[in-house]
Every structure is written in C-alpha cells, then in structure tokens.
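Both complexes shown next keep subunit A, but they swap its partner, so subunit B is in the first and subunit C is in the second.
So, the complex of A and B:
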C-alpha cells in the first residue's frame, strides 16, 4: 500500500489543485448569485475530502469536511450568502491550498486552521437548532434522486476495509453520481466495520455499474438493484428551490469530472482519451524536433552543395514529416488561456473588496489556445494589468456616482485568435489615462525632457506608462506597487515577439491590447550579413527589403534617414550598432521593420537567405543582453544571433 | 610531474584539481565542477556583451557562453594559439566555457594543503575571484572561485 500511496501523491496534488481552481471560480459565481455553484463547491469539497481521507491527510480531510457541511447549510438555505461568509470560505480554500503545498513539500498537512474552522462553525452554529431538519433534508434528497442501490460486501481477508470501500466509492463516482454511502466514511474507519456497505447512486445505466464493480479486487460480492423513480413532493420542492434537474445534474457532474481530466483513480475507458505528460518531457521533445529541423537544414545544404538530386528528394520527404511532427507537437503544447484567466475572478473580487470598489469582471474566449511557454511568460504581466485595472482604473463607487456612471465598474478580459496572432484585451470603464498627468510625471521622473513632452503625440504619451520607472499613482500601493511594473509587461510581451497597445479616454476607461504569437520556439527569419558576421531577423517584424545607394540617404540633425518611396525612415546601421570593422560593400541593403506601428530601416551588407530557425535562449551573462532574443544554430553548425527589434531599437536615440 | 601528484595523494581528504595557466601564473579549479576541456572552435561574437565574454559556441547542439578568463581577471588579452583551451564548467544550470592559455595537468591536492588567501590579497580588485592557495611540491597553485568568476551578480556589480 505504501508504494501505491507515493505513486498517487503526485496525482493527488495535481488534481487537488485543479479542484481548487474550480472551487475558486464557483465561489465567485456563487457570490454573483449563481446557485448552481453551490452544488459544485459541495461536490468538489467532498471529492477533495474523499481523496484526502484516502491518502491519510486528516487535517485536510477535516477542513474539507467543515467546508462541505457549511456548503450544505448554504444549499439548504440555512445560511444566507454574504460577502463575509464567502470571505471565510475563501480563507478555507486558501488554507486547503496551503495544505496541498505543504503536502507536496513535506508530505504533511499540518497547518493551523483552528481559526478558520471556528469561524466556519460560528456561521453554522447560528442555525444549530435546525441541524436535525437539515440531516433529514439531506438524506431525503439523497435517496430521492438515487435510482440505483449497490450493496457491497468486501472479502473477509481484506486488510484495510475502509480504504477499499473508499476506492469502490471513488470508482463508482467515475460512472455515476454518488448520493449516499451507508455507513458513512467516518463509521467505516471504526474497528467494527464488517465490510458491508450500501451506496445510493444516480446513473443512467446499470450495466456500467456492474462492469466497474466487477473489476474491483477484494470485493466478495455485490448487488446492484434498481430503485423505483420516486418523485416525492419533498424532492420536487428541493429541485425547484435549487434549480436542479436530474438529467442536467448528471451532465454537470460529468462536466466537473471532465475538467478534472485524469482522475486519482482513473476510469478505464477514459484512459484512451488523454494521458498526463510531464512538461519537461514535452520540452525535451520540442528541443529534439528543433535539432531535427537543424539537421534537415544541414542535409539540404549538403544536397545543394554536391548537387545530389536523390538526396534532395529524400530530404524534401523528410521535411514533410518533420513539419507534421512539428505541427503536432506545437498542438500538444497549446493550452487554453483559461489556465491563467481562471485565477482572475477571485483576485479581482478580493482586491475590489479590499479597496471598497464594486467591480463586474467579465472574461471571454477562455478556450483560446496559446503555447504553454508563452502563456507562462505572460501570466505575471497579465496579473499586473488586471490588478492595475482594479486599483488604478476603476474609481470608488462614490467617485463613479459623482461622474454619472454606474457604481459598479466593469472590467473585461478577452482573448481571441486573429490571423497569426493571439490577442488579449483588457478593458475597463474606469477613469482612463490622464495625459497631462502622465506628461508631468514623466518630466518629473526625468524620463523625457519638457521639450520632448511638448512634441510628443497623445498616443506616444500614453505609451509612457510602460517606460521603466514610471508610476502614475503618487504612492505605490500594496496592490499595484509590487515590483513588477508596467515596463515589465511591455518587455515581456516584446520578448515573446508581441506588442502592446493602449488606448484610453479620460473619464471613460482604458483598453490595453496585447498581440502575441501563438508559439515561439520555431520562427521564420531572414539571415543577413554584416561584414563576416551573420544575423537573423524574425520575418514577423520585416516589412520589406531594398537595395540602398548613396542617393537614398538623408541626414537630418545628425541622424541618418533612408528615403523609401518619398518617405523618411529612421535608419540604423547594424555595422555601427555591432561595431563591425570589416570592409563595407558598395551597395548595402535596407531591411524595413516595424515596431509599435513605426517603421525603421536596418542597414546590412547583404541578405543571405530566408530560413526557419529554432530559437535558443541566451543564458547567464547574456540573458539580459539588449538587442538579441537568443541565438540559433544553422545547418552548418554555425551559431547566429537573432535580433530583437524592439530592444535593439530601444536605445538612446529613441527614448 | 607524475611524482608530484602521487606524493600528495596520501592526505586524508583530497581534491582533484585541473591546473591551467594564465601568463606565468598557475591556477587550479576543482575537477568536480569541470565538464570537459575543448580546443577553441568557431566563436560567434555577441555584440554589446560584457567585454570579457568572447561569444558563444555550438557545443554539440548546446549553446555555450565563452568567457575570456584573462579579460575577466583584468589581464592583457592574448591571441588564440595552439595551446589555448576552453574549460567547460557547469554553473547554476548554465554551461560556460572559460578560455585559458593552456591546460597542463590534473593534480591531487590534500584539502589541508589549501590555504585561504590573506585578507590583504583578497581585498585587492584583481584577486577577488580567488579562493585560496594550494601548496604543491613544485610551487604554489591559485585556486579560483567559480561562484565569483561566473555569477551574474558579480557582473551586475561591475557595470
């Protein structure tokens, strides 16, 4: 048994975390008046309790039990949902999370939760006189909904009867909705438990139940009997009161399960649908595919160099397979944005309550998919932006009322796919950006000179909130002043090859739009030569390339510009930026790139070729280097730096 | 040379040290920190990198940053020649190569034969990367402190 436990522990932790997410989401729904959420929380608390009991984490089990009972009271209408109660319950959820963390690190759930338990008890105490009634209601409801009764007799020689019983219940819960277990889990723990117990369930199909039961070891015998559909009056009332209906309830239960993906104890036929894969392994596979792409490049080069048509053909077939493989793996790495978004409702709620603000938080496009790496990277910046929207964006109810707005502020977080980009948009109807204030602040902080401030457009001024060292609030609050600044948001997004845009109207709100590439690992790039050195420029930022002769140049105020079809484009000579001293060719090329909607020209010697490259990050000393997002290895083994347009051009000249 | 290493083997606790040269000085680095020693290959320069960083190489598919230990120690750089070697070390999950003039041998050194450097020396700027002095029958060996040579904090501080 010991070994099994250790094996299950990791899965238990992962699942418990998924359930916690679910719980958090449902609490927010509940507070917003969605009564269906009660049942889900109840069920989730029950599931975690069951798993904790099975794994032997008594503290966790008790806390879940308390939470479950409290939810029971809420469900029975004995406790009215108020923000205070939700606060206490959320604290319990946090404590559960803490325990899970501790279990992961030290294999112990020893966290002091007596305060929370007593708080929870207090809420329940208020209605103690109704306790008896509740029990009756619960049991009535449980039996009322049940359509199947399973009597289980465990083998005489079964050593841990209670654990085996829990396993049976867990397995049954995979294919049905468990409504009651008699005797209950606590009684099973007792010495005199004889191995006979009865489970009342609701399931559409008896054969499935028999199927599941027959596969469990150490069960001496079992009896599955159909109960009559008894639609008693009592049950009818409960259903009406709780907006529950038999069939939808079943679906919902299934839905919850589906969301939980792999189960602690897996249902057999679901194994074919999905398996858990270690993220590190996925990364390794991704790297290997990267190596393959490089090797393919190498082969192609050899084929061209020695002019071997057969090899060329073989490589082109291999190329097809590699491309499919690459696509497949990219697809596996894609995760839904809801993984990150789901944290936000709870966060917004807590923040708004703390700040005394009223906020309606809406999320859209939760199933939009992003590469896991991109999503992980973007997670912290998004948290910052959402916090900012609540803290700085949305005004206090009084302020909003005075401005003639609804007291409740609205924040909308949406994600969708547009062509080859993923767009994440955060919009609030708060106070908006005060351009004058930004201007003043930026000058004060020495980010721009007063002269610059006057010459800047409104959009440029708004972008200043992303400048390092900028914060419009006079005092950094506990909420927003947390080290991650708006500048980090921008640099992170740009490092991923995306861009941030902001639009805002004073008094009406702010909209921040983030464009992201769905994946980052393999990109198309232009290889250019500067002297003897080769550099890669991501194609995504390239608009066009053209030859440059002396006539194309114009120097204004000491700064070189390139004339492209009559328009002046600021030019950067890579030769100078990179201190290349080799001889300069007579005719150079200008590569026109776009950054934040502006065009710039990068001047190189020649364009070598266009190629798919695998980004390898720079580490250590070079991790934070400006101007490069990483390096790549070419087919011939050469290492080539990849230009990062935004940080390359973010130098002194533009600031 | 051989006899030297055998002699020091008898100490209670010994370390194996890779001995390399920078100019006239002999330095040592604990072998457990060293992954391999290679000859210089094509190094790709990374513009705007700290000046002691020579660039990066492709070490069997792994991007490896190469630092010039002479420059890191504030010594005059020397062109790459036939004796030049790169000592590849693993440090905080990153693989870094240190370019040195030559690598001589591997020596056993008794722990008790390594002395901390006197404060008067470690306080000096060029000596801050040094961990101690190892006594060998044929002279002294300066043990370098990889933590200080390679940590990014140290780089930040230099800026």
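So, the complex of A and C:
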C-alpha cells in the first residue's frame, strides 16, 4: 500500500481543505451563538485527525486531537465559549491549514505548534482535576455459581485492549451468563493491562463458548475450563468488578447531540457536493472542441465548394451538437462563488477584532456560478477589497457613534448574474470616499495635473483610487498593504474582460461593483489584418477604432501619436512591431486600446471582423513570447495570434 | 465473498477501506456517508458485514447501529474507531457491534477483523 501514498495524499489534501473551510464557517457560527456548530467542529477535527493519522502526519494528528478534545469540553459544557477561546482555536485552525500547505509542498507537517497546544491545554486544565476524582464504584458481587472459566489472552499488538475485552465479554454474554470479569474494566483501561483476563460464566455448554471466541479477532489464544470445587478459593482471592460502567461521558455527549439534532435537520447544513475533475482535463476537452469547430469549418468549405446539400445539412446538425458540447463544458467549469466567499467571514471577523471595529458581514448569492479560472483570478483582488472595506471603509465604533450611525458597521458582499455578466458587489456603510482628498493626493503624486483635476467629473475622480501608485492612506497599514493594490484589482478584472465601477458618498459608504464575464475560455475579439497576417485583439481592451489620416497623425520627437478628440495618444504600428513589409494600404486604422488606465493606439491595415474565439494557450518555449496571450484557430483553419496588450506594450518601447 | 457496506463520512476513508477490503477478498456492495444512508442501504443491500464510522453528520454511527440492529438483530457491524474513543466503542459493543477496527487502519488487521466477524476463517 505504501506505493499509492501519493494517490491518497492528493485526496487527503483536498478533503482536508474542504473540512478546514467547514471548520472556519462553524467557528463564526459558534461565536454567533449557534451551538450546533460545536458538534460540527468536533466532528471535523476528529475527521482530519483520523486522516492525518493514516497518512502518518503525527504533528497534525496531535493538533487536531487537542482541538477535538477542547471542543469536546466545550460540548460537555465544561468550557465556556469566549472570544479568547475562539481566538486560540482559530489559531489552531490556521496552524492546521499551514500544515496542510506544507504537506502539499514538502510532504511535511513540521510546524511549531507548541504554543497553541499549550494554550489549548490551558483552557482544558480547569476541569481536569474534577475528572480525576471521578470515583469508581465497585460493587462486589458473588460469582458463586459460575461453572466455566474462560482465560483470554489478547494478541500482543492489539490496540485498545480494554475494548477488545469488552467485546469478548459482550459476545460471551449472548450465550452465557457473565458472573465476573477479572481484572475489572477500570483496571483494563490502565496502561499496564497485559491483555490477559478471565471471565467466569455460567453456561450449559462449552462448544458455544468456543464458537463465539473463534469469531473474535486479535485474540491470541483462549482457554476454557470447567469449574467445580475451585469457586470458593477463587472468590477469596479476587474481587469481582461491575462490568457495566463508564458509559457516562458518551451518554452525555449523545444527549447534547440529540438535543441539537432537531435544529440541525431543519437548517440542513450545506455539504460539499462535488466531483473532482482536473481543470487541465477540462481545458483539454475544450481544446478538442475547438478542433472540432475547425474540422466542421473544413467540411462546410468542402460542402460549399462541391455544392453538396446533404453534406451541408449534416454539417449544420453537427454544428448544433458542437455548440451544445461547448456549452456543457463551460457549465462544468463553473463553480459557485462561495468557494472564495467562504473565506471572508473569518477574515472580516479577525480583522475587525484586531482593529477594534464592529462589523456585521453579510453575503448574498453564494450559489452564483463563475468560471473556475475567473474565480481563481478574482480571489485575491476580492480579498483586498474586503480588507479595505473593513480597514478604511468602516469607522471605529466611536467615530460611527459620533456621526450618528449604529456602532456596528455593515459590509455586504453579493454576487448575481445579470444577462451575460456576473456581478460582484461590495458595499459598506462606512466613511465613504473623500473626493477632495483624492483629488489632492492624485495631483500630489503626479497622477494627474491640477488642470486635469479640475476638468474631471466626480466619478472619474473616484476611479483614481484604482490608478497605479495611488493610496489615500499615507502608509499602507499592516492590513491593507499586502502588495496587492487597488490598481491590481482593476487590472485583474480588466484582464478577465470585466470592469470595475465605484460609487460612494462621503459619510454614507462605498459601493464597488465588478462586472465579470462568466468565462474566459471564449472571448469576443476584434480580428485585424496587417499585411497578410490576421491578429485578434480582445474586445474588452478595445475602446474605439478610427481611420488614420494626415490630420490626426503626428510625430513628436520621433514618437508617433494619434490625435483622438484633441488628446495625444501614443501610437504603435503593428507592421513595425511584427516586421511586416508587404501590402501597405492607403488608409490604415487606429485601434484605441486601454492598458492600466492609459490609452494607446495600435495601427493595423484593416479590421476584418468581430468574432467569438476560443483561446488556445501557448505552451512550452512559445509561452515565453511576449505580446501574445495565446492563439486561436479560425473556421478555415488559420492560426491567429491573440494580442496581449499589456505585455505587447509593456516592453522597452514604453520606457 | 461476504458482502460489505462501508460507512464513513469521508471519501478518503471510504476509498482506503474499499481498497483494503477489496484486497482481502470482500465484495463491497455499497458505501454510505452518514448513518441515515447506512440504515437505508442496509435495508436494500442486506450486507453480511458493515464497517461503521462513529462520528458522522446527520446520524452518527451509534444511532445507525441501533437502527440496524432493530431491523436485523443478527446484523454484523464493525465499528471504525480511533484511540480515545474507547468509551464510545464500548457503548457500541453493548448495543451489539460485533467488532471494531482502529484508525489509522492497518490492512491486515482490518481484514482479520472482518473475516472473523463474517465467519470466513
């Protein structure tokens, strides 16, 4: 089995992560007073412990064990839930996550958790003394009429010997009357129990006893002997123990569970429903569909060329199937936004606590689906936005009170589908954007000139917070300043073919709305021609297109510009960039594109058409070529490179 | 081949048991991810042996054991347990569980236990 460890590892990591998510959610629920969460966390900790144990991650196993026991105490009402305890437990959860990451990367769970473990132990300490005092009630009972003595020797490597013994006793009790078990159950639970015990029973027949014993595993050997005179002697020697003891703790736990179940059923807690498909496989399938589209194009050409109506009809039917196939695969690639959203409540909680703010965090539309790639890309920017909302948006309780607002700030994160777009909206009722301050800062930082500042509309000014190098707070705080800036939020969204809009009122709050395409594998693009070559430009980065004339073409200090409505836009001739020499048309076109808030003009020969294309990524050494995000294959089989505006213009030409 | 029903809330453990039991010559007739499902599947499949995890959502292994025993007093249920759960397993045994296996599972032990309980050896 050793060999397939790797196979189990992947599954282990994936499942452990899902359980961690569940754990985080339940901690938040717990803090909000939902006691059902206790059982859930207990269960999850227990489950991860079990998996870790099998995989041999001892450190992880121990930590989960500690967390599980702590939860057990909470469940039994021995520890009261306070924010401090939740903090410590959440730290443990974080450490578990860290371990899982480390396991994934280095196959090791070696992370120092002694602090957390000692903290957890400390909380558990309080009631420990009580436990030890629990008195053992030994009732002495005669086993005078026993007629059979069974000596059982459990195998050396038997785990949980006392349980095995209990199993033996229980099974024997089905065919006989148990009169005594020596040593008693409590002694068997002690570590020095060597696995040998004796059962005195009354039974009419020995054969049944042997039959029962043969069906129990981990029994090294057993001896059945008939008793006659011996009994008094034995009685004098040994004291009998009460067999039925020690179920109190579990019974208590059971009661708690049963109490909670009524509610649990009603709420129908969300469970993970998923099949695991490697995203790369889906990409491959998508690519194959692309190939099919091309083949279909060929067939159609042949049908037209040789004028075969039957073939044309067949191809059109095939076309329908291919389109549905494409739609289905797109559907499979969709995942619910909750995948990412679920991290937020925990994050908001931690942050708010750290900053001494009170925040109510609401999420809506968790079921909204988004392409897996889009969701992965948007995850970090969203984290940044949510952090920002807590850090910069929501005011301190005092400030809110002074402003006549409720002390508790409210942040709402919602997602929904609108026509062909997915919309994610983050709204807070905090201090809002200060347009004057933004204007001042932007001028100071040289992002805009004072003249520009005056001519800009309020909305345009607000958008400045997304400009590179802009930050209203002088020093990025520990919280928001994590390398991802607002500009990255905007670029990421735009790279995905989406857009960001912001609306805000000073003192009332801020609303940021992100429009995203549901998928990125297929994009709308503009096909342009340069010489004999065709190139695709993602339509999301195109602003407008216009003819190049003598009037709007200007060369300043050797740099070409296109004048668009009185503004100079730096121009780049694609034929120069790609060294195309042949077939220069009389009139060229300028395609105005936007990159990180700046506009540029790409000069091409003509615009061929606008079309939906399937992106095929460049792989191997081709992946390193700058300026292209991939290629697409047109219906007639032509391979067309897709321009990546960012890297195409990001070279030294811009410097 | 004795028919086995595997009950565990994690796909991971189910897969593990599936592989172990398969190599031990058992016929895995079904898998359930909570106690409720286990009871349902027991009714339908009438397995010879059930491996029953204890801590599960919806309905835990102890409750499921009770239900199954109610339906079929002869049912052979093997509890899946971990060190630290001794009391629970003892409760289960008193309720009629016929054996137990301890996580982390050791394949030979699991097979031995199930074979004994199923009366194979």
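Note that the second predicted complex is superposed on the first by the 362 of 655 C-alpha atoms of A that agree within 3 Å, B and C clash if a C-alpha of one lies under 4 Å from a C-alpha of the other, contacts with A are read in each partner's own complex, and residues count from 1 in each chain.
What we mean here is this: contacts are C-beta pairs under 8 Å (C-beta built on N, C-alpha and C of every residue); 3 or more make two chains touch, one makes a residue touch a chain.
All figures in this text were calculated on a predicted structure; none of them were measured in a lab.
By the touch criterion defined above, A:600 reaches neither subunit B nor subunit C.
Looking at the superposition, the partner that touches the larger set of subunit A residues, subunit B or subunit C, turns out to be C. By the touch criterion defined above, A:15 lies against subunit C but remains apart from subunit B after alignment on the C-alpha atoms of chain A. Touch criterion met: A:640 reaches subunit B, while subunit C stays clear of it. When the two complexes are overlaid on their common chain A, residue A:159 makes contact with subunit C while staying clear of subunit B. In the superposition on chain A, A:197 contacts neither subunit B nor subunit C. Contacts of A:621 after superposition: subunit B is touched, whereas subunit C is not reached. Of the two partner chains placed around the shared chain by superposition, neither subunit B nor subunit C is touched by A:27. Put simply, subunit A uses no single residue to touch subunit B in one complex and subunit C in the other. Those residues of subunit B lying in contact with subunit A across their complex are 42, 44-50, 53, 55-58, 61, 63, 65, 67, 91-94, 96, 150, 152, 155.
Of all residues in subunit A, those touching subunit B in their complex are 291, 294, 533, 577-579, 616, 618-623, 625-628, 631, 633, 637-641. The part of subunit A that touches subunit C in the complex is made up of residues 1, 4, 8, 11-12, 15, 40, 42-43, 46-47, 49-51, 53-56, 65, 69, 159-160, 162-164, 166-167, 170-171, 189, 214-218, 244, 246-247, 249-251, 254, 257, 269, 271.
Those residues of subunit C that touch subunit A in the shared complex are 9-13, 15-16, 19-20, 55-57, 60, 62, 81-84, 86-91, 93-94, 97-100, 102-105, 107, 109, 112-113, 115-117, 119.
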